[in-house]
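Here chain A shows up in two complexes: once beside chain B, once beside chain C.
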Partner chain A sequence: MTETLPETPEESTRELPPVEAEQVTEATRVTEAVDDTDDDAAPFRPGIGGWIARGLIWALLAWVVFALPGNILSPFELGVSDVGHASKAAIFAIIGLSLNVLIGYTGTISLGHQAFVGVGAFVSAYVVVDMGLEFWVAVPIAAAVGGLQAALLGAISLRLTGLYFALVTLAYGLFAEETLFGITAFTGGEGGKNVPRPLGFEDDYTFYYLCLAFLAAVLWVDWRLMRSKGGRALQALRENPRVASSYGINVKAYTLMAFVVSGIFASIGGALLAQQSTFLVPKTFSFQLALIFILMTVVGGLRNRVGVVIGSVVFALLEEGTLVHLLHLEGILDSTIGLPAEFFGLVIGPILLLLTITLYPGGIGQQIAPIAQWLRGRKFDIHAGKVTEVEVTDVRA
Partner chain B sequence: MTTELGIAVVNGVFRGSVYALVALGIVLIYRASGVFNFAQAEFGTTGLFAAYIGIELWQWPYWLGLLFGLAAAVAMGLATERLVINPLRNSSRVTLLVGTAGVALAAIGIQFWQSNEQPIRSMPKLVEGVAFQPFGAAITYQHLITFVVLIVVALALAVFFRSPSGLAIQAAQQEGTAAELVGISVRRVSMMTWGIAALLGGLAGVLSGPNLTFTAGFLTFGAGAALLPGFMAAVLGGMKSMPGALFGGLLVGVIEQFGNLSILSDVSGGGAMMLFLFLLVVLLLRPQGLFVRKAVAA
Partner chain C sequence: MSVLEVRNLSVHFGGVRALEHVSMEAGEWEIVGIIGPNGAGKTTLFNCITGFYRPSKGKIRYRGKSIARLPVHKRTALGIGRTFQNVGLVKNTTVAENLVTAQHLEINYDPWAGMLGGPATFAEESRLRERADQLLELLDLSDVADARVADLPYGVLKRVEIATVLATDPDLLLLDEPGSGMGPEEAHALGDTLLELRKEFGITIVMIDHHVPLVTQVSDYVYCLNFGEVLAEGRPEAVRSHPEVVRAYLGEEPEAEAETASVPDADAVSEEYV
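Coming up: the complex of A and B.
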C-alpha cells in the first residue's frame, strides 16, 4: 500500500524534521512487527457461515467470562468459593498485565512484584479499616502510593540495568516482606486484618464483576498507552536502548514511566486482592508469589495482552488445585502418580513453564495466535504467530 | 556494645560460609552460561532432602547419606543443564533466568508434595556440641566444619582451575568458538561447570540443614534463605571473581547480623533491611563489585 500511494500518512511524516520522522517510522515499524495488523493487498473476508461460526465462538467466550461465574444460564452449580477463584483469576490477570509492562515492554525484570502488590493491598486496607474511608477512595490512594514507591525505587536504582536491577528488586521484595509488612501499626502484623468489601459489592458474585471491570479498565489503559508516543518509545528502547537514545528518546525517563505504570497497576491489583481475600496477612506476599507472577506472565506470552490474561488465569486457578477440582481430576491424579490436588499447581505449573519456554518461547499468546487471528475475521492459519514474530528480546545486561 | 558487635561478626562469618558456598556456585554458572541461576539454592535443598531420606528414613550411615545427598544435587544440576539450559542456550537472558526460576519452583513443589506428611524436619548434626564461645556466641562443631569445608573447597577450586580441565573450562567461558576450534568440548565443559556448581550448592544444603529445622524451599526462602545473600555476595565480587564471591559471602553474613543488633530491635526484619540498603549502596557506588580492581569488561 505505502509504496504505491505517496499521500499515506507514513510518507508525509518524511517532511518532518529528520529526528522526529525517523523516530516515528522506527516506532511504527516496531508496532507493525509486533501487532501484525497490516496484511496483503486483498484482505480475506469470511463468508456468512464463517461469520456465524466466529460469532458463536465469541458468544461462547463471553458466556464463559460473564455468565458462567455468576451462575447465569449455567448448567453447573458453582459455589461461592468457585466465584472467589474467578475473582482471584481476574486480579491475577491485572497483576500479570502490570508485570508485562515491565518485562514485556521495557525488558527489565522485577523479582519483587509481590512487594508492589502487597503495598497496594496494605495501603488500601489501611485506608478502609483504620481511616474508615470508602473503597472508592482507597483504590486511588493505593494506586498513588504504589506509583510513588515505584518512582522512588526506580529513581534510585534504574541507573542499574538488566540482571543487576532484577537483583535490587529481589532485595526490595524481601525488605518489604520482612521489614515494611512487619510494621504492626501499618499491616496489623501476623494477626492480619479484616477488610470489608465496598457497598453494593459485598457478595462474591457482584465482586467478581467489579474485578472484571477493573481488569477491563487496566486492559484499556494498557492498550491506549502502548499506542501513545511513550508506548512507541518503550518499544523502540527495548529493541535497542542505544539506538533509541540516539534518536532522542530519553531511555531512563521512559523506563521510569513504565516502572511507575507497572507499580500503579500492581497496586490496584493488590487493593482488589485485599478485598477478595477479606483477610489480609503479611505472609501472603512471599518471594514464591513473585516467582509465580513472573511464571504466569512469561507462560502467557510477553507483549501479548490476551496471552498474559490467559496465563494469569491458568496460574491463579492452578494454585490450591482449583482447576483440578473443577475438572474432577483428583481421583485420577491421586491413583496414578499419587499427587494430591493441592500440590498439582506447585508441581505441574513450573513443568508447564519449562515446556513452554523451551518449545514455544512466545507462550500461550503464540499457541493461540491461529485461533485469535481466525476470530478477528481472517483465514485460519496454523503457522500464525511463529517464533520470529514473537521473538523475546534480551534484557539489557 | 563491643561484645554485641563481636557476636555479630562471629555469627556473621559462620553464617556467611553458607552464603559463600552458594555464591561460588552462582559465579561459576554465571561465567559459564551467563545466567543468574535461581536454582542454585535449590540444589542445596534437594541435596539436603536426599541426605535426610538416606540417613533418617533408610537408616544409612551418616557419610553415605551425605554422599547420596551430594549425588542427588549433582544429578539435579546435570539434569538442569541438559533439559533446560542447553535447549535455551540461544534465547535471551530473561528466558534463561525464568527457566532457572522454573527449575527452583518445580523442585520446591516436589519437596512440598513429598514432605506433605511431615512438613518440618530436622537432621542430626555431623558432630554434636559447641566448639568454642568467642564473646559468648556459641559456635557449634557444625559451623566450624562448614567453615573448614568452605576453605578446603576454595583451595581445591583454585588448584582445579590451574589443572588442564580447569583451564579448558576457563577457555570455553571466555571464548566458546575459539575453545571449540582448539578441541575443547564446550558441551562437556558446560556440564562439568553445572555439576561442580551443583556440588557446591549441595554442600551448602547438607551442611547448613542440621543447624535448624528445615522445610521445603529451605535455602531459597525458608528459614535458612541463602539465595539472595548468595547473589549479593556474587555481585560484591563483580559476578566473575571466585575469591570475591568467597569474601563477599562472609561480608554479607556479617552485614546481615548487624540488622539484629539491639539498636535495631524495634524494626522487624532488620537483616533484610540491612541487606537491601547495603546492596543499593554497593551497586550505586561500585557497580563493578567491591573486590575487583578494575571494571570487568562486559
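Coming up: the complex of A and C.
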C-alpha cells in the first residue's frame, strides 16, 4: 500500500546524523559541523542500477496492492472471500489513520473508536436503506454526522485529560454499543440490516478498488494535514501545550479539530465497512474492536502513515483469520492450542504491543524505515529507524 | 502610553506569596531588564503577563487595554511574544519547522483548506518558509535551519528561540534568560543582536537575566525583584550599585545598615554575575 503515499524526498524531513560529542562544546563550532554533514548528505543520487532496483520493488508493491486481490495478472486464484478481506484491510487502514490523528498527532487516546466507526456505518446504512439515497450521498452525510458526534463528545470530554478523558471515551463507546446502536428504527436493532452496495461496485473485486480510492483520499488529507497549519499546530500542542499557546495556537480548538478529523475518517471507514459486510448488526461494534484499533495503530507506528497502514492491514487479516489461513497455521492453532483463528489477533496483539513499546516505540514504521528511506531514493542505511521521534510516553492516558 | 503596564500585581499559591504588589512598566522601544536571585518571582511575572497564571490581585495592561482575562493565544495575537527559561521549542522537529509553526497567526488559509490541499496553501507554505529563512539569517542561524531541535546545544537553542518568537510577529518581546548557557563573549554578541532587533522591528523588550553585564549593556531601565517584591528600580548603573541589590545577590552587609532583612543564600554568584 506504500505507493499510495504521495511523499517525495524533498518534502520529507531531513534527518541529520547526530552531532559528535566533541563538537557539542561550542555553539559556533556545532553550527559548522551540522553544515558539513548537510553538504555530505545532500548530493547522494542512486545510480541507474539503484533506480532499477527501486523501480522493481515499487512495481512489486504496486502489484501486491492493485493486482493481487483483484485477480488481475495474479498467479493465484483468490477466492471471493479473500478479496473481501482485502477490502476490509483497506477499510481498517482508514480507521487506523483516523486513530493516528488522535493518538499519534494529538496525543489523546480514544477507547471508544468502535462507536465512531459504528456511527458512520449506521448513518450510511440508514441513508441508503431507509431514505433510499445513493451511496455517494450517504458517505458525505455519514462523514458529517461522524464529525458532529466527535465534536460533541470532544467539546464535553476534552475538559478532562489523560486517564479520565480515556474513561469518557470508553464509556461513550459502550453507551453507543449498548444504547445508540440498539435503536431499532435507526439500526434495525438486533436483527441487523441488509446494506446494498453502490451501483457498479457490487462485486468484491470492484468494491476493493473503491475502498482503495477512499484510502488514497484519506492518505492525501492526512498528508496535507501534517504539512499545513492544522497539523503543525497539533504537533506543537502534543509536545508542549504551553509553547503551542505562546505561538498563538488555540490548544483546545485544535484538539477539537483533531477529534472532528478523526471522527470524519472513522465514519468514512464505517460507511465502507457497512457496505463491505453487506449485513450490519450492532454486535459488530464491540469494545473488542476498539482494542484492535488501538493495537493496530500503535503497533503500526504512531505518526507513521505507512506503518499505520501496514499495521492495520495485518490486524484486519488477523481478525478474519486470513493471515493464519494464508500461513497454513489453522491446524496448529485450532487443534493444538485450541484457539480459534479469529481470536488470534487479540492474543498476538498485546504481545506485539509489548514488543513495540519496549523494543520499537515507532512500531512497524520504525522497523521498515531503512527500506522506506531507500525506496525514496536515499542510501540504504540500516540504522535509519534508530532515531525515532516516537517515545513510550507519547500515549498519555 | 506605555506598551506594558503592571500595577500592584500579587500572585499567591496557597500560602506562598510568589509576587506581592509588583508594579512595572515598559515604554515604546524600551528595553527593560529584570534581575533578581533565584525564586524572586521573575518568571512568575512573565507567566502572568502571558496568561499562564491568573494573578490574585492587580492589573496588567497592554497598550492601555486590560488583558488579564485573555487566554494565552489571544495575548500572542495582540503582539506579546515570549521565550521560556528551559527553551520553549517543539523538540522533535527542525528549527525551520518551528519558525513556520510560530507563524501560525500569520497564515492566511483555513486549517481545513490546508487539509484538503488547496492550491493556495502551497504558495502560502513556501512564503512561510521564506519568512522563516529570513529570520534565521537575521540571527545568523541559517546553518541549523534543517537541524533537529533535539540535536542542538543549549546556547544555539536560546538564539533559535528568539528567532521563533520573532516569527510570531510580536510588538512586545518577553525574554526569559536569553543569555543563559552563554559565555561572556556570546552574551555580549547577544546584547548587540537585541539592540539591532529593536531597531529593525521597532519592538519593546522585557528581559529576565542573571547576566548583569548583559542587562546593563542593553537595558534602558532595570527592575530588581527579590522575594516577590520590587527591591529596586531605575537606570541600570544605579540599580547595579544599589546597596539592597548588592546584598540580595551577594549576601553582603552594607556597612552602616544593620537591618534584619533576611539574606538569601546567594548560591552560584560569581564576579561575572554582579
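The working rule: the second predicted complex is superposed on the first by the 330 of 397 C-alpha atoms of A that agree within 3 Å, B and C clash if a C-alpha of one lies under 4 Å from a C-alpha of the other, contacts with A are read in each partner's own complex, and residues count from 1 in each chain.
Throughout what follows, a residue touches a chain if its C-beta (ideal position, glycine included) is under 8 Å from a C-beta of that chain, and two chains touch if they have at least 3 such contacts.
Note that the structure is a prediction, hence the values are computed from the model and not measured.
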Handout entry: First, second, both or neither for A:F343, with chain B first and chain C second
Key = first
Problem - Partner chain in contact with A:G107 - chain B first, chain C second, else both or neither - result: first
Practice task
Considering only touches as defined above, state whether A:G162 meets chain B (first), chain C (second), both or neither.
Solution key: first
Exercise for the section: Please work out whether A:I48 is in contact with chain B alone, chain C alone, both, or neither, and reply first, second, both or neither. Expected result: neither
Problem - On chain A, the residue positions that both chain B and chain C contact, one per complex - result: none
Handout entry: Complex contacts: residues of chain A adjacent to chain B
Key = 103, 107, 109, 156-157, 159-160, 162-164, 166-168, 170-172, 174-175, 177-179, 182-183, 286-288, 291-292, 294-295, 298, 339-340, 343, 345-347, 349-351, 353-354, 357-358, 361, 392-395, 397
Fill in the blank from the handout: Given the complex, residues on chain B that touch chain A span 36, 38, 83-84, 87-88, 91-95, 97-99, 101-106, 108-110, 112-113, 116, 217, 220-221, 225, 228, 231-232, 235, 267-273, 275-276, 279-280, 283-284, 287
Exercise for the section: Provide the residue numbers of chain A that touch chain C in the complex, in ascending order. Expected result: 13-16, 18-19, 24, 27, 30-32, 34-35, 38, 220-221, 223-225, 227-233, 235-236, 239-240, 242-251, 254, 257, 261, 389
Problem - Partner chain A, residues of chain C touching it in the complex - result: 50-52, 71-73, 76-77, 81-82, 84, 88-94, 97, 100-102, 104-105, 107, 109-112, 114-117, 121, 125, 141, 143-144, 146-148, 151-153, 155-156, 164, 168, 182, 186
